[in-house]
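Heads up, the next two complexes both have chain A, just with different partners, chain B and then chain C.
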Partner chain A sequence: MLALFIATLAWAAPSSDELVGMLKVVDDRQQNNGDWRSLVYIEQKEKDKSDLAYQAAIYRRDADDKLVILFLKPQAEAGKGYLRADSNLFMFDPTVGKWERRTERERIGGTGSQRQDFDQSRLADEYAPTFVAEEKLGQYTVNRIKLAVKAGIDVAYPVVELWLDKATGNVLKRQDFAESGRLMRTTYYPAWNKLYSESKKAEVYFPKEVWIYDEVEKGNQTKVVIQEVDLKPLDPNIFTKAWLESKSR
Partner chain B sequence: MVLASIALRNLVQARRRTLLLSTAIGLVTTLLVLLLSISAGISDNLVQSATTLSSGHVVVAGFYKPSPTLGAPLVTDASKVRAIVEAKTPGLERVVARGRGWGKIVGPGGSVQASLSGVTLSDEPGFADTLQLAPRSAYLEGGGPEVVGDARRIGEPDALILFASHARRLEVDVGDLVTIVTEQTDGRSNTLDVTVVAIARDMGMLSSWSAIIDEPSLKKLYSLKGDTTGALWVYLDDIAESERTMTSLRTTLAQEGYALMDYQPVPFWMKFEVVGGEDWTGQKLDLTTWADEVSFLMYTVVAFDIVTVFISSILLIIIAIGISNTMFNTVRERTREIGTMRAIGLRRRQVLWLFMLEAIFLGLFATTCGAGLGAVLALALDAAAIPVPIEAMQAFLLSDTIPFSVRPLALSGSVAFLTTCTALAALWPSYRAALLRPIVALGYTA
Partner chain C sequence: MSLALALRLALGNVRAYAVKNLIVGSILAFGTLFVVTGAALLNSLDRAMQASVTNAITGELQVYAKDARDPLSVMGDMGMTVADIGEIEDLAELRDVAASVAEVAEVIPMGIGQSTVFGGNDIDIVLGELRGAVNAGDTAKAAALLDRARRIASDLAPEMDNIEELTSDTAKLADDRATLARVTSDTFSGEFAASPIPTIDWMDSHLAPLATDGKMIYLRLVGADLDAFTRSFTKFELVEGAIPMRGERGLLIPESYYQLWMKNTVARELDQIRDEVRLDGETIGITGVLFDRVQRNSRQYRRILYQLDPAVADALEPKIRAQLGGIEGDMATLLKAFLAVTDENLESRYAFFYKEIAPNIRLYDIKVGDMLPLRAFTKSGYLKSLNVRFAGIYRTKGYAGREMMTDANTLIDLVSFRDLYGKMTDSQRAELADIKASVGGRDVGAENVEDALFGGGSGIESTVTSGDGFAAIDALSFGAIDARVSDTYPPEQLDSGLALNVAIRLRDPSRVPEGQAALQAAIDKAGLPLQVVEWRTAAGMIGQLVSVVQVVMAIAVGVMFLVSMVIINNALVMATMERTAEIGTMRAVGARKSFVVALLVLETLLVAIAAALVGSAGAAALVGWLGGVGIPAGIDMFSILFGGPFLYPSIGFAEVGLGVGLVCAVSVLATLYPAILAAGVPPVVALQSKE
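And then the complex of A and B:
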């Protein structure tokens, strides 16, 4: 009887607070109190189309919720960029020299990646979690959690499922669902890296690679490789439209 | 009268020369009429496709902004607005409500971005008749000339009408399921599986990014409830009254207490950026005409008109040089005859008129025949529905066949213009003939 009781306790689903705690761990680990700079390589495969590869620089200032994505390669895309400021996402196209307001679902540079894939994680702020199951994902034991968007929050996907590595707490898999309940995309995070941050006085986690699979247009996939992460303070001018415009001159 | 008779007799006497010049002038007229017919055909297609896919003659639309940064092309409390429009529009034929959306349509062969026009069949019972359905050969490899599907089924739930170019790219046939992916006003993704109930013939550039969906499904996609629509399309008895009606409706709606956006003669989708940057919230109405909604397509008509003018001008210059040269030869050949006429009392002005009348008669005869031939050819070619195989060309011509439309004003204008040009080309030689002194002319030997 006691053994059964202990087993039940061991297998009991995490409470709501525990689930929120798990999300906070995910968010906090990726958050840097200071700045962030990295180089990303984005590889896009689309059905019946040639593969595309891009190189971009990511600049983040988590304290101010600011994000800049500047495309560096190929030459045709160099100078194109995105700026997130005050919950607005703007895109700059150097070929026409104009800024345009974009939405959360904007395909960054026309790839399968979105703003959320490069920005800081805000899962605990944006979603309310419920426990689905403890299961196996390949060799990993994971907690599968379902997230529903909180009222009044604007996100691209109102429902998300996460597979969190039980041992490390890292996200290994994520599925995004549309309002209709349809699965839109599946993202895998096969490996995580970490770097000590002076400003945070702790380690900042980031995925080495992100594999995004389009579940509506089967066959379309995007691979994002994150490299050369630097957590040193950045020039505040970087997070301005003028700076991004100057990069294409 | 005597001069006209002499001029006619001279033309008949110099049959070979008259025939050669007439043929040249006539062919230029035929070409001009054909080019003008294509230009008119493009214009007609523009009006037809615009008032089927993009707008009524006048559009009462607007933007609804739940917050300063979010905005959608919606008219809330649409019935009230509609009642005002129906009551206060002179020369009104009908008003229809159309939903507006934008989404990605995903099929087995890939995906296309399309503007979604939401149709309520009970509101537009004649809608199905405005679309021409495409034969299966237009969108299916190995398809035959048979036409399948029924545009009236757009009244069924979760129904979609595609245009042939989209159906070809998506690799779908009537009865197939496709998925529409959209982004709601608050940025959330949504999807809907819909059945393709009909595939329509392409209508140029507009149809290359358009699809028609039943209005309730569109509302479902955007989670819209209640008395909301995308726009009210106002059709008038006379399309020429569009601008005046729009101005009058703006005044009426403002008097009824509606907030109006500043008038901008551009399609609604070009206003998102401006609206997104403004800090108002709530509903503002926006009124435009059909021409405003397709203003970005007007360049096709202008571009074709420029080509027409360019080609016609080059041919006209060649013909004018030919006419001038021929008239100079005629004057030289008939110098002694001019001398005789001057000697028996014909005044210089009458000699000028004689040669001018010859040119005018020649021009009138040749251009009338040329215009007639051009009109017959244009009508025959239009009936033959010559297909345009290149998609870019279809977009430019706003049709999947070469459109010809013969307008009486264009015919009479061509005749008048080219006859005037012929007369002007003959002016200098005629003037030279009139200047000849009788004694010199009589003693002239070739």
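And then the complex of A and C:
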């Protein structure tokens, strides 16, 4: 009994500042001070439908909050793309030569993935955390944290729960909730890769694989595999509409 | 001998009981009138509904997959989802089978789906045009468009004060105000001239989001061999443009849908307000629903203002001011006041609007000849886009309505439909398999995901090196847009390949069940996994409505008929039983029972034939008159069922024969029972009853 009491005293829930600190670690690890580009594979499985599979190049300039997604394969989709600029997400379709402003909830290429899955992590800026519990996730001990969006921030989901690996601080699981409290999707990050960045003078973390399960349309799932990453500086022209258009001339 | 005698006696009795027979005959005549008129209306409605639906889109029969998950609904239903009706994998096979069926006159391949049209808000549209003008080097046009964008920004600036009262996000509000201040500043034109495209990019992401969202246009697509469709469906009527030839891509939008969803919302509302005043006798007044609509429309003035080029706006301003009696204020104030129409000035403002303002705005979001960027989710889940030319506007004769959108099917050539439907080809499937194989990996279902992904505990972090495949990616170019999709296609593609459903026109539209049975038998014999349904089933909600209306009408006619028969029966029973004494006398002088019964039946039959002929003549006159003036549909839904705003019934020998036959048969049956009863009364008793 005394031992239990001592153990309870020894373990205390992380403070608010500590929780924000955890989120900042997650954000900082994924942020590169310079540019970022990656080659990703996106696979979508939907009930009663053929599988979809894309290969896309992702270009990021975190300092300017800019993001470009350029679809490379399959051939019929090649040249399609997204551009995030100043809180706007634009989609370009070369078949019709048109741009269109899309929302944060845009299903990238019709898959279960969204802009936030490819963009830099801004959890500490966008959400306020509260501690839920310490739990086990498979073999791992995790801190379960609930996040509520801060006022005036436009995000895909206003409420999020995170399962952070206690040992490494990495996100292992994430659940996104609608305003009503309805669970919308569950995402798993089973492994994280680290790559040294010259511009950051530190390692940049990125998930090796992302598994997204649709909780509304049960049976629909998306797998994202980040195949290659390069952190060398990018041409600023990449983050323009003209660059994406130029790929289809 | 006895028949001649019976006939002579019967004629004599008819004359002898002239008053009584006149009354009975009148009842019978009215009964006949009801029956014949009811049958004529029912048959006319059935013919009108069949013609209305089969000549509009369904054909007499439709063929689709046997294993379809949902029932076919060619004319659509209330939901926004598209039914999964399976596929007809190869049209050529079905064409061959149909050619062997004598009843089949024509085969029209189809497909049903939906798409949206790429769009944007008012500023997006201006900026899109501005980008085009800059890229084309048209500096004059670019200057005018930039001026228009700046005017929009000026108009939005006061809105920020309203937003300030509603929002707690002061930082965003400050950013938005700064954006508007920058765009409206004197130096902005200089900034634009120095670097036009980056400035447009900046306006795209800062200025355009400040306008309200643009309109999303949904299209219910019916893919078809347009040449066969427009030739075969006689209710099709081209209003504007041209029907795409075989081998040409194109789409045809129904007029009512075009007016309702693609017209400038202020103009459309003005049209509807005027219609309610002129056609429905409503008044705007100073309160009430119509007044509120006018006020709401007035607040939508930006839908006009944002589309006016500055030079045009300057020229219009004094004219609008004059219309308003010289009131003060800027263009926004003037437009707002102009649109606040009253009963007194509605006609003059309406005329002014269409004479002076409408020619200077985009009255419709799209116009015939435009290339429409369509977007749809394909069968395999990809988001597919395709530019298809807006070839024309059509109407389905008799389907136009004000209260509801009765005609919602956008017709598109079958080849473009197939592109948007996006059934994966073998080569696409192979490409997909290659992409998947290049990554490898495992599949993990949701049910055991946590064990599969985190059960091993083999470490989470790994260190990797920089990728080296990006030089090749940077050099990639995917080819010009125009090179990917051609405006034309080989016309023979319409004869084979994929369709989702097929309309069948029969040589004899009155032999639908026979045609259905023959075609289904031929399809089954050929081993095709397809089903044949008749037009009512295929039409969807409208078809169900047709069936409901038919049942209701049949019940109504049936009730009328029954009531008539009961009255006839009562009248005849009473008339016969009243003659018990007379029958007793006849029996006393030696008439046999059968002779008495035959005599009474003959008398009734003579009266019934005469009455039925009079009743039928009355019915013919009534139906003839209704056929001349028409029965008004009243509501739009009935106009679809009637095939137009009026039902023009007609009458034929069949209905007259049916009425005369039924009334005579019922009269005979109604006489038979009391006649037998009366004939069965012993003469002594019958004669006593006379005393």
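Some points to look at:
Everything below uses one rule, namely that the second predicted complex is superposed on the first by the 242 of 249 C-alpha atoms of A that agree within 3 Å, B and C clash if a C-alpha of one lies under 4 Å from a C-alpha of the other, contacts with A are read in each partner's own complex, and residues count from 1 in each chain.
Note that a residue touches a chain if its C-beta (ideal position, glycine included) is under 8 Å from a C-beta of that chain, and two chains touch if they have at least 3 such contacts.
Quick caveat, the model's predicted, so the values are computed rather than measured.
In the three-chain model built by superposing on chain A, chain B clashes with chain C.
In the overlay built on the shared chain, the residue A:Lys241 is in contact with chain C alone; chain B does not reach it. Contact with chain C, but none with chain B, is seen for A:Gly79 once the two complexes are overlaid on the shared chain. Between chain B and chain C, the partner in contact with more residues of chain A is C.
By the touch criterion stated above, A:Arg101 is placed in contact with chain B and with chain C alike. Within the superposed three-chain model, A:Lys194 lies in touch with chain C and out of touch with chain B [touch as defined at top].
Legend: residue contacts after superposition of the two complexes on their common chain; A:Asp93 is shown touching chain C, with no touch to chain B. Of the two partner chains, chain B is the only one touched by A:Tyr157; chain C is not. None of the stretches 5-13, 41-49, 149-157 or 221-229 of chain B clash with chain C in the superposition except 41-49. Common to the chain B and chain C contact sets on chain A are residues 87-88, 100-101. Against chain A, in their complex, chain B makes its touches with residues 69-70, 104, 106, 110-111, 179, 181, 183-184, 186-192, 223, 272-273, 276-277. Note for the complex: chain C touches chain A at residues 118-120, 124, 128, 168-169, 171-172, 197-198, 201-202, 204-206, 208-209, 373-375, 377, 379-387, 424, 428-429, 431-432, 435-436, 438-439, 441, 443-446, 449-451, 453-457, 460-470, 473, 476-481, 484-485.
Across the complex, chain A meets chain C through its residues 37-39, 41, 43-46, 49-55, 57, 72-79, 85-88, 90, 93-101, 109-110, 137-140, 151-152, 165, 168, 170, 172-173, 186, 188, 190-196, 203, 205, 208-209, 211, 213, 218-219, 221, 223, 225, 227-232, 240-242, 246-249. For chain A in complex with chain B, the residues that touch the partner chain are 47-48, 87-88, 100-101, 103-105, 149, 154-158, 176, 178-180, 182, 184, 216-217.
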